[in-house]
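Heads up, the next two complexes both have subunit A, just with different partners, subunit B and then subunit C.
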Partner chain A sequence: MNSGLKFVIKRLLVMIPLLFAVTLASYLLMTITPGDPMAMYVGQDQLRQMTPTQKEQRREALGLNRPIIVRYFDWLDDILHGTFGTSFKTGQPIEKEIGQRIGITMSLNIITLFLTYLVGIPLGIYCAKHKNGIVDNAVMLYSYVGISLPAFWLSIMAITLFAVKLKWLPGLGLSDLTLKNPTFWQEVWDTIKHLIMPVGLTVITGLGSMARAERNLYLDVINQDYVRTARAKGLPERKVKWGHAYRNVMLPLASEIGGSLAGLIGGSYIIETIFAIPGLGAYSTNAILDRDYPVIMATLLMSSVLVMVGYLVSDILYCVVDPRIRVQ
Partner chain B sequence: MYLFKKKHAEIPLKRINSAVDPMQDDEDLYFSAKVEGYWTTIFKRFCRHWYGIAGLIVLAALIFCAIAAPVLTPYEYDKIDFSAAPMGQPQPPSREHLFGTDRLGRDYFTRCLYGGRISLLIGFSAVAIQLLIGIPLGCIAGYYRGIADQLICRFIDFFSCVPSTFLILLVNALLKPSMFNVILVLGVFGWTGYTRFVRSYFLSLREQEFVQAAKAAGLKERTIVFKHILPHTLTPLILSVSMGIGGAILSESGLSYLGLGMQEPIPSWGAMIAGAQEYTNSAPWLSVFPGLMITLTVLSLCFIGEAFRQAIDPRAN
Partner chain C sequence: MKKLLALLLALIMVLSMVACGAKKEPAADDQAADAPAADAPAADTPAVPNEEDVALEFEAVAEVDDKFGGQLILQTWMDPININFYADYGSVGCSNYWTCGPQLVVYKGGELYPLLLESWELDETGLVWTMKIRENAGWSDGTPITVDDIIFSMEYFRQDTFTDFIFQADTMYFSETPVYEKVDDHTYTVTTTVPYPTIFDFYAVNCFIIPKHVFENVPAEEFHTTTVNSTPGEIVCGGPFKITEYKIGEYIKCERNEYFWDEVYLDELYWRIAPDGNSMFTALQTGELDFTFLMGSKYQEAVDAGMQIARTNGANYSGISMNTQDPILSDVNIRKAFSHIYDQQLFIDQAFGGQGEINKGFVANMRFEDPDACVYYEHDVEKAKALIEESGWTLNADGIYEKDGQLLEVTYIYEAGYDDFNAMILQSMFEGTGVKFNIEGQEYSVWLDNVDAGNYQMSSNYSSLGPDPANYYDNYLNTSLFSFYRSETLDQAWIDGMTGATDEDRQAAYSAVQHELTDAAVWLVQPRNWGYYAANQTCGLDEAQFTSTGMFVYFHKLYKIAE
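Up next is the complex of A and B:
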């Protein structure tokens, strides 16, 4: 695992300049937008009540009269100490607000990813084994329907049907606030009921593409020479499948986890907004709609970090499942 | 590798037989025997798949409707007519109004047709911008390698770790919402895929013998890049382009839904769904029709892409 460790450290080192670029981009974006940057530190309401002299003193105290590059490093320093400033809208410290939301978005995306893989992989393998059969063709066409449906429209339709008309599932939020003194299991069931629609819709639309990718991979691998060799030397079919074929089918999947996670985080902006889920996606969308600049900067940085972590995790997984990477 | 040599495709067997028939010792016939061109073969293979033909027909119909919208309907998309929607209540589909009316009495069928204009225009133009940026950068990175390649790759890395949805939402919110800005933002933030694609093709093609031969023959680098290598990447690129147009149309509808794209009274499918949200229960057709139009458009593009993929590489399945 020594060279594997080296590989991971190398990937970590590559992340540093990228992280640097993201912070620089979000800082520059903020400074070219209109408005007094001081509002970010003292809050917009207080800023309006201050006299010009007070403003000048405060500006001096905060160091905002210094050159932009110095201020950038100050901001970076603040971030490294875990302070992102205050939200224009709520006046709350941003790091606290992000802390409450990041877990929700992460767990939502991990559940979605897990379910998509759980159903998509066996479905893809089934399609590959029954190539050009009815199921195979249906899944192929369905995968395109899945990516053609606009997520926001599908969500609205689902809420109208299941929450408003049929009243089977709750439409908004993550928990039922009217529940009085719920037991533990009631609470769990309540959360599951709230998750069925947002998670289910993402899984259903992403499932087809997942199965199709898996099917093509499987067909690629099963026709390789080493699989034929394994069969030729008389290994039982079970060993051929599990020892040689499936393992190599899993390889690219491991590297795709990062990309899928990035895609899911991108998708969560609209899904979370529609289902009123208090996660990072809805938080950033609302910040953009309210022009809440400090929050925009912080969330841009945080979602980029999440995506980078996703890529890092898939690199590590790739390293674990593919010994060749470790040797190189 | 001979994709673009015209006379190389499948020669129908019957023709060959008649051409080499000793009884018909006619040199003219031998050389004038018609052979299929590359694109004819591709088109024939394309037509083998029902979904390719269906996609082509639907897309052609949508484009026709978008262009001919003023002729196809007697209404105007922004004409407010309260007599058509009494008490500000949206009217259900009827003979006069195929898709019903919205709460201002505007004919919904007309608005859906004009919405197609906006969506298709944005989809095609945004992808055109993406290609204009993406292809040259991919050529430079893949052919010249070196420092330019390094710079371009780092740039792509940067874009791949910032969620593009976020950037598109953000920049659209900072700019004034207009069609031009939506096209520009979708174009500027969506080219990295094409660059990566063209670059990877160039990396392998530049080592091939025909490129070395072209170099040895003393051809200009510009000729080698644009006449000898680039055409090989274009066929598979068409596939990504048809998917890309669909993606741009979806992004536009999402932006307009959030109020960051097209503004009233311009009919955009996304904005129409947003406007219909309060009526989903009482007047469901207001949100169903624009949503179906988006799905239909994007799906037809996807089907064309898939049939095309099968046509350029029949062994793929």
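Up next is the complex of A and C:
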């Protein structure tokens, strides 16, 4: 077995106790916080009219009458049998509910991530090459503004301008309900129109910091001894950049890409809420507000797995872009 | 080349998203939507009592010759818990029931409107109602709606195994169960041993008629989780519309039910899911929504945008309980003093943005409301101080009232995250009055447990009610909602109100209730908050009207003005 495969298997095995610890701690914390899930699914008037026996029946039906640790191992048993269980709120299988939302959130976040990298990296490199130029200064200023502007405010402003005033773009959901029997391409165009603002705004808010990070990395790398040495050896500039500079600039990006994996699932609650996009971000946040323990645990488990897998991917990408790490 | 690849990848992502959200309904449903209304059974015009007397909140927006066709988009806050709306009355199923369920009657203010129930008659004993339902009413699968469905529904929700108390309203006001008997397919009788005037309140608010042929084999305990009647396009509906499509997080699409007993104007009605107040208002402005609830803060903006605005005085009560079993608050003088300290106008200005009015009693905007019978406590701090001092309290050096070494100190508990701002306003009212007033936000279920167990001094207290004060009775029995105040005369007055043979009898009983409760100052009566509904100019609401709860009296008379 080669060392690379050994490394991956070892890391995967380490994930098992880690996941166990994370989920157990989360489950305990979640269940000891104040709040009765049973009370969340009954109107206040009705809840007050329920007899203690009826309340107990409800708790029993939700499995809340058993000790916490027993409930945790029941949940674990479900996971080992390949199911997330059923939602307290809807009584539906959680994997089905996640399946209905995951595509939307992942597509939204993949497009966003892709566009942020696509524009952010070249822009950062351009700024580095033209340090203290007009574009560089503008991007640096923009990066601070981009970080400072709250996403919800920017979203509301964008909706007011593009949807309400100019009427160029829709401001809600993913479908135009006035479309009559749309063709496939009409639906595609309709979806794109609905995505422009949420995707655009997420890209805009993330772009500045991405470009700034990239610029600083490039400046750091381009002044390294090995780059100077490469130039001194008489290598053509193209080879210096692609063979020595850019490759090292990519190194920290590898860790960022890995870290972004969890975000692909988690989604952006603010954007999803403001634009009424039915994704996983809104789903998991509502689950927290509703004390829907099985859903909270399902989304938490997915996020934990993705964070761990993300770091594993980062490490593998490190090895790909930096042979020194591969040797170690 | 690289750019081209990038664009291609983006396109693939978008296409995958379209595919993820692809419509689930079969193509046949689209064809059904285009089916001509000519197939529908001949419509009867419902006999609407005193229709001309009912003021329209919305102005008639235009003269419309042809109101048939088109689609209207209404707003709802969240996804249904179950798209089988009969089993989901607690969330948005409520909206769906009104759109797609066979509603018997509806109240607007004190006015009763017949829907599926065409006429009714009380015999000379006052104990037997004879009810007649429309003969041309049908479920959306073509099965006629008959008395069998009604009697089945009543019996179904009375089953002991049926754990959902929401549906037990039939037996709500009585120790006995009303007896339903079939006369023919479209006539039935309801018999009780005492007069049953609240039957229409039950029919209008808490009664659910379900299709017998669909649910007769579904055990009551499986009603909420059954997969029967849960496929859009196949859900059997008895209202003006049927559910044909549901896209999670986006919308519920309803199409005209060809078997409804009256003409239905619209081809399609959508419930668009807009969980956020701002997005909802924006969607109304952009035309992505036609009609929605309006937050008070958006009122002026909506007026400026030229929308149709209607004010509604919700049939809710909202008061602040003063626990009459608390050592300090058991003194009626203290409760009355607090009522004088409470400044309704300040609350209207600060909490409602000026959109509300002072309330005298607690049966606001309901039948049998009698402000003259209520004892009203105008905002007057000096009167409050006099009452407190009358009870033997004196100001100490810190400016706080004290008696026998005990400070006049109370704590107000409320649901954290929901009532925080209101709590702060309330606290500000007590500043400088000699009362030490503390506020404490608690997690919802913790707060509710404390209130129900009587572990509180003062607490927020609000409830949604139907059009008849009889709705309060259960809350009265649940003593925490009435600050643990009980009296024999009040017990009897409630019963008299529910069983009064005439409206005059009932009014007298409910006036007595209103007097006693306000005289005992069991609550700080809060002002009534106006709610608003807004519609864009293409939405035809004049005939449909709507109730104080935002539901239309006639969903089937909604229409869209052709643009």
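Note that in this section the second predicted complex is superposed on the first by the 272 of 328 C-alpha atoms of A that agree within 3 Å, B and C clash if a C-alpha of one lies under 4 Å from a C-alpha of the other, contacts with A are read in each partner's own complex, and residues count from 1 in each chain.
Here is the rule we use: a contact is a pair of C-beta atoms (placed from the backbone, for glycine too) under 8 Å apart; a residue touches a chain by one contact, two chains touch by 3 or more.
None of the values given here were measured: they were computed from a predicted structure.
In the superposition on chain A, A:195 makes contact with subunit C only, while subunit B stays out of contact range. Within the superposed three-chain model, A:115 lies in touch with subunit C and out of touch with subunit B [touch as defined at top]. When the two structures are aligned on the shared chain, A:133 is found in touch with neither subunit B nor subunit C. With both structures placed on the common chain, the touch criterion links A:157 to subunit B but leaves subunit C unconnected. Touch criterion met: A:148 reaches subunit B, while subunit C stays clear of it.
Once the two structures are superposed, subunit B and subunit C can be ranked by residues of subunit A touched, with C on top. In the superposed model, A:187 lies in contact with subunit C only, and not with subunit B. In the superposition on chain A, contact of A:101 is made with subunit C only, not with subunit B.
Judged by the touch definition given at the top, the superposed model places A:236 against neither subunit B nor subunit C.
Looking at the shared chain after the overlay, A:172 reaches subunit C, while subunit B stays out of its contact range. Overlaid on A, the two complexes show subunit B and subunit C touching the same residues of subunit A, namely 156, 159-160, 164, 273.
Contact residues on subunit B toward subunit A in their complex (touch as defined above): 51, 154, 157-158, 160-166, 169-170, 173-174, 246, 250, 253-254, 257-260, 270, 273, 277, 280-281, 284, 287-288, 290-291, 294-295, 298-299, 302-303, 306, 317. Residues 17-18, 21-22, 25, 29, 33, 131-132, 140-141, 144-145, 147-154, 156-157, 159-160, 164-165, 262, 265-267, 269-270, 273, 284-285, 288-289, 291, 296, 299-300, 303-304, 307-308, 311 of subunit A touch subunit B in their complex. Those residues of subunit C lying in contact with subunit A across their complex are 6, 9-10, 13-21, 30, 71, 73, 79, 81-82, 90, 163, 165-166, 224-225, 247-251, 253, 270, 272-276, 278-279, 282-283, 285-286, 288-289, 443-446, 448-449, 452, 463-464, 474-475, 478, 480-481. Contacts from subunit A toward subunit C in the complex involve residues 34-36, 38-50, 54, 57-58, 89-91, 100-101, 103-104, 107-108, 110-111, 114-115, 118, 156, 159-160, 163-164, 167, 170-178, 181, 184, 187-188, 191-192, 195, 273-279, 282.
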